[in-house]
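Down below are the structures I want you to see.
Look for chain A in each of the two complexes below; its partner is chain B in the first and chain C in the second.
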Partner chain A sequence: MMVIEGFVKLLRERKPGRGLFIFGFSIVLIVILMAIFAPWIAPHNPTEISADVFQPPSWKHPMGTNNLGQDVFSRIIWGSRVILYVVAVATTLSIVIGVPLGLLSGYRGGKIDRVLSMVMDSIYSFPSLILAIVIAVVLGPSPINTAVAISFVYVPTYFRMVRGQTLSLKGQLFVEAARALGVKDWETMKKYILPNVLPTVLVVFTLSVADAILTEAGLSFLGLSVTPPTPDWGYDLRVGQPFLLDGYWWLAFFPGVMIMLLAMGFAMIGEAINERLSLGTR
Partner chain B sequence: MARGLGRYILIRALMIIPMILILYTIVFFFLRILPGNPILAVVGTKNIPPEQLKHLEHLAGLDKPLYVQYFDYLWKMLHGDLGVTLASPMGKPVSSYIALRLPATIELTIFAFTVSVLLGIATGVLGAIRKGTKTDTAMRVYSIVAYTLFIPWFGMMLQYLFGVKLHWLPTSGRIDPSITSFHPITGLYILDSIIQGNWTALGSVLEHLILPSLTLGIVLSGAYTRLVRNNLVDVLSQDFVRAYKARGVPDRKVLLYALKNAFIPVVTLMGLQFAILLGGAVLTETTFNWPGMGTFIMDRISYRDYNSIQGAVIVFAFFVGVISLIVDVIYALLDPRVEY
Partner chain C sequence: MGMLLEVRNLSVYYYTLSGVVKGAEGVSFNVEEGEWITFVGESGSGKSTVAHAVMNLVPSPGKVVSGEVIFEGRDILKLSKEELRQIRGKEMTMVFQDPMTSLDPLRTIGDQMIEAMTVHGVPEDEARERAKELLQRVNLPPDRLDYYPHQLSGGQRQRVSIAIAMAFRPKLLIADEPTTALDVIVQDSIMDLLDDMKAEGTSIYFVTHDISLAVERSDRIAVMYAGKLVELGTVEQIVENPLHPYTKALIEAVPDLWSERPVKAIPGYPPDLRNPPKGCRFHPRCPLAKAGLCDTEEPELREVERYHLVACHFPGGAKDE
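Presenting the complex of A and B:
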């Protein structure tokens, strides 16, 4: 509820960041609607092969056709499902794992904290795409596996943020009071610390979704996410590359633009929320 | 003080070790979770003679228990041995491949890094001195757009424009293959061609570097734009700047002093950006067919050559560790408040 109220506020109040928010929010909304209503919007079957290969954009094929004669526009619409699904599952997983670990580490301190922090810092400082590649390879190409690979590399982002916040909250009076009253540890974490940490999680979430989108696109560009003929932006971009050099620019151009727009939409929302809360996390 | 710094560097350097160890452990166990025999996965068919299979397994050390494999490799790693390749060609030291591929990635990342920092500072300064104007907004939009550019797509668009349409620049590889007079020594082609005094080769190497390093550099510059702009705006509103201005110090000079102060947090960002840069390098290398570490990992993945992937990850971890060490030392030298 709090999140929805915040969104409405950002939309209505004339304060800095409103333009950014509206712009970003519209892009994301359009892509989400595209994904939901794909069967009704797409003019053609995205996997149907036809003899009309390499047709430039026209009224019949707004974004042209690819090397197999598939309609690029329909593939773009259906492709939004894969990327949104993967990113949604991945970020949910990393929040579900990262937040409790961060709480535990920050609250308990001691050995657990030192070990967890060291592991998380090591993962955090390593190039996330490379680690995601290794995990994606091991798990094999499928959207759910890609999501797991991406979630793994974003756990430390949430962990570090939540741990830091927990550390500073732990010293505050209301937490000490709860402990003095004999409230159990996990209940203190759940009832007193977690609600105070959640706004930060929201900001980290909006800022890292754009990254996660680019990581997903990167993995599928490298051929590690879906198997053909599933329509997928990153993979379609890769397939289009050799033909781009022959002058068939529409095969690669449109999937890439969509990836960028979606990432930009989320980045703008994140930027606007961050500016409003002025937490200055980045 | 000098002794203190030496100690600081040493302690900071020792901190790289657990990081490499942790990443090695993660990758080792992830690669072993996979069901099936990697040798069979490589050979493809199950009808190779059992003795030969045994021999290959022995060669790769796969016949030993998991923990023995783990510590064996660790022990070898300490001696700079990253194991042997598991797939075509089989049994070659992984380090010999890395010696070939790493310089290409180093060359690309150094250029891309320079492009990103210079562009980021230029756009950030422009935004800060024109604060609140349309230029400022334009720089802000630049930073978001640059940050969310998808590397392969952006690279392809540059290839299309400068390679296919204008025929100005090559779109793949490191050097024109028709130049036969060039022989790599260190693998850093710029250095090699200068040592040999081979100016045609140098020209070709530089030409090949432009598009990949611009692609990667522009994408990574967005983060600097924001940080430089915001820091510089802060610093420019501080008292010492006003004092300079009141004394009639020329604007250009004041800006330089302010920039020096705004630069310290940028150094920290450089360390973080470098990891992202290396990740981006994998995509850039794939897009531009650049024979570096990123394409090496991707090649080896198609062969399921775990030793090579593991070796490459360790090299990357070491690379990241050294860079963050350098960044921390620079930071300590720049910022007198850091205690070491």
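Presenting the complex of A and C:
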């Protein structure tokens, strides 16, 4: 609820970050609407093969057709479903795992903290894309497995941030006061520390979503996400890439632009929120 | 009057990266039922450390290395987490130095007051009623329940903290410099509230660096220096007849508007507690220090008259020199 109120505030108030937010939010909103209403918007069946191969953009095919004669525009619209689904599952998973572990680690300290921090730091020390590729290969190509692979990579980001915040909040007088009143440990974590950590989780969330989109696109570019003929931006980008030299630019261009726009949209929202939150504390 | 709290030989060390800081060493004292005992001393003298140890709330990297804290016959330092939780807030409670940060900024004060009661099993609607009464008792309108801490002034917030502390009529209230962050007028009203609690039978364990604040309302005063308890006595004994040179210096350092007496500062600095001075810890700053005795032999805390304890080789001044 607080998040929605915050969004409304960002839209309404004329303060730094508003322009960024409106721009980023519109892009993301359009993609989300595309995904929801795909069956109604898409002019053609995205998987239907036809003899009209390599048609340049026209009124009938706004983004042209690909090597199998499928309508690129319809594939773009349907493809938004896969990428949003994977990214949503992946970030939810990494928040659900990373935030509680970070709270526990920071609040309890001691052995639990040392073990968890070591595990998280070792995950963090891997190049994220390579780690995601390895996990996706091991799990096998499917959207849900891609989501798991991506979430694994982002758990340490949330963990480290929440742990750090918890450590500093633990030293705050009001947390000590709660203990002096006889509030239970897990209640202290839930009621006193978690709400104070959430704003930062939100910023990390929006910034890492942008990153997760690129990772998802990368994985499906490598064929580790969907199986053909399911429309997917990363996969379509790869399919179109060999035909670039033949002058059929629209096969790779449109999926590429969409991936870039969506990542940019989320990054802008994150940046706008970050700007506003730090404005308040400055 | 019966004994409420008995602290025996308490030592608390802080294990910091730059060495072990001996925050408090070998501190022993009693708190009687219904009395007001005040701990005075400079910053870093260990007065807050001891207060936190009594709640078993020494912040990390601090650790209680030895000693006992007997509260109503039970050693606080040996209780399980759950037993401790049940005592804290109900039997003994604490009011902190900085009212700006001792309340959660994201929750209304009512929410926090009610929680203080529900964690000890009071039903929520009853807790709400009681929270209103408590606010009135500390002279705040009951509608403040729905305010966030940032909407209140420092003094009002400290009143809220005290209202929370009053919720169960605790046996012991530890007030760790509750007035330091407040101006003099507000300070006085807070002290009045503590006095009210005392009148209802709560023992007040008051920590301050301002000895003049201690004199008016306390029954006894304990003076700490460099982690050691150096003098303990009734207010009259401490004020009329301070036996430790440090206590004397503290009293002389209080400015007096109506006398010509100059304010005397205490020369030197408090010692580095990672490596406290040998012998009496006050000897490098002490006008009475005698080489060969004070810098080698640590004076024991001993009773020189009834209720009056002091740790000094020359209590009351050098007699033989």
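By definition in this document, the second predicted complex is superposed on the first by the 278 of 282 C-alpha atoms of A that agree within 3 Å, B and C clash if a C-alpha of one lies under 4 Å from a C-alpha of the other, contacts with A are read in each partner's own complex, and residues count from 1 in each chain.
In the analysis below, a contact is a pair of C-beta atoms (placed from the backbone, for glycine too) under 8 Å apart; a residue touches a chain by one contact, two chains touch by 3 or more.
Owing to the predicted nature of the structure, the values given are computational and were not obtained by experimental measurement.
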Output check: A:K184 vs chain B and chain C. Expected answer is one of first, second, both, neither. What do you get? second
Could you tell me if A:N196 is touching chain B, chain C, both of them or neither one (first, second, both, neither)? second
Between chain B and chain C, whom does A:Y235 touch in the aligned arrangement: first, second, both, or neither? neither
In the overlaid three-chain picture, which partner chain does A:Y248 touch, first (chain B) or second (chain C), both, or neither? neither
Residues of chain A touched, compared between chain B and chain C (which is higher): B
Can A:F21 be said to touch chain B (first), chain C (second), both, or neither? neither
Have a look at where A:F126 lands relative to chain B and chain C in the superposition and call it first, second, both or neither. first
Return first, second, both or neither, reflecting whether A:M260 touches chain B, chain C, both chains, or no partner chain. first
Residue numbers of chain B touching chain A in their complex, please. 18-19, 22-23, 26-27, 30-31, 33-34, 144-145, 147-154, 156-157, 159-160, 163-164, 171, 226, 275-280, 282-283, 286-287, 294, 297-298, 301, 309, 313, 316-317, 320-321, 324
Going by the contact rule set out above, which residues of chain A touch chain C in the complex? 109, 171-174, 176-185, 187, 191-192, 195-196
Within their complex, state which residues of chain A touch chain B. 118-119, 121-123, 125-131, 133-135, 137-138, 210, 214, 217-218, 221-222, 224, 237-238, 241, 244-245, 247, 249, 252-253, 255-257, 259-260, 263-264, 267-268, 271, 282
Write out the stretch or stretches of chain C touching chain A in their complex. 55, 57, 59-60, 81, 84-90, 93-94, 96-98, 101-107, 115-116, 119-120, 161, 164
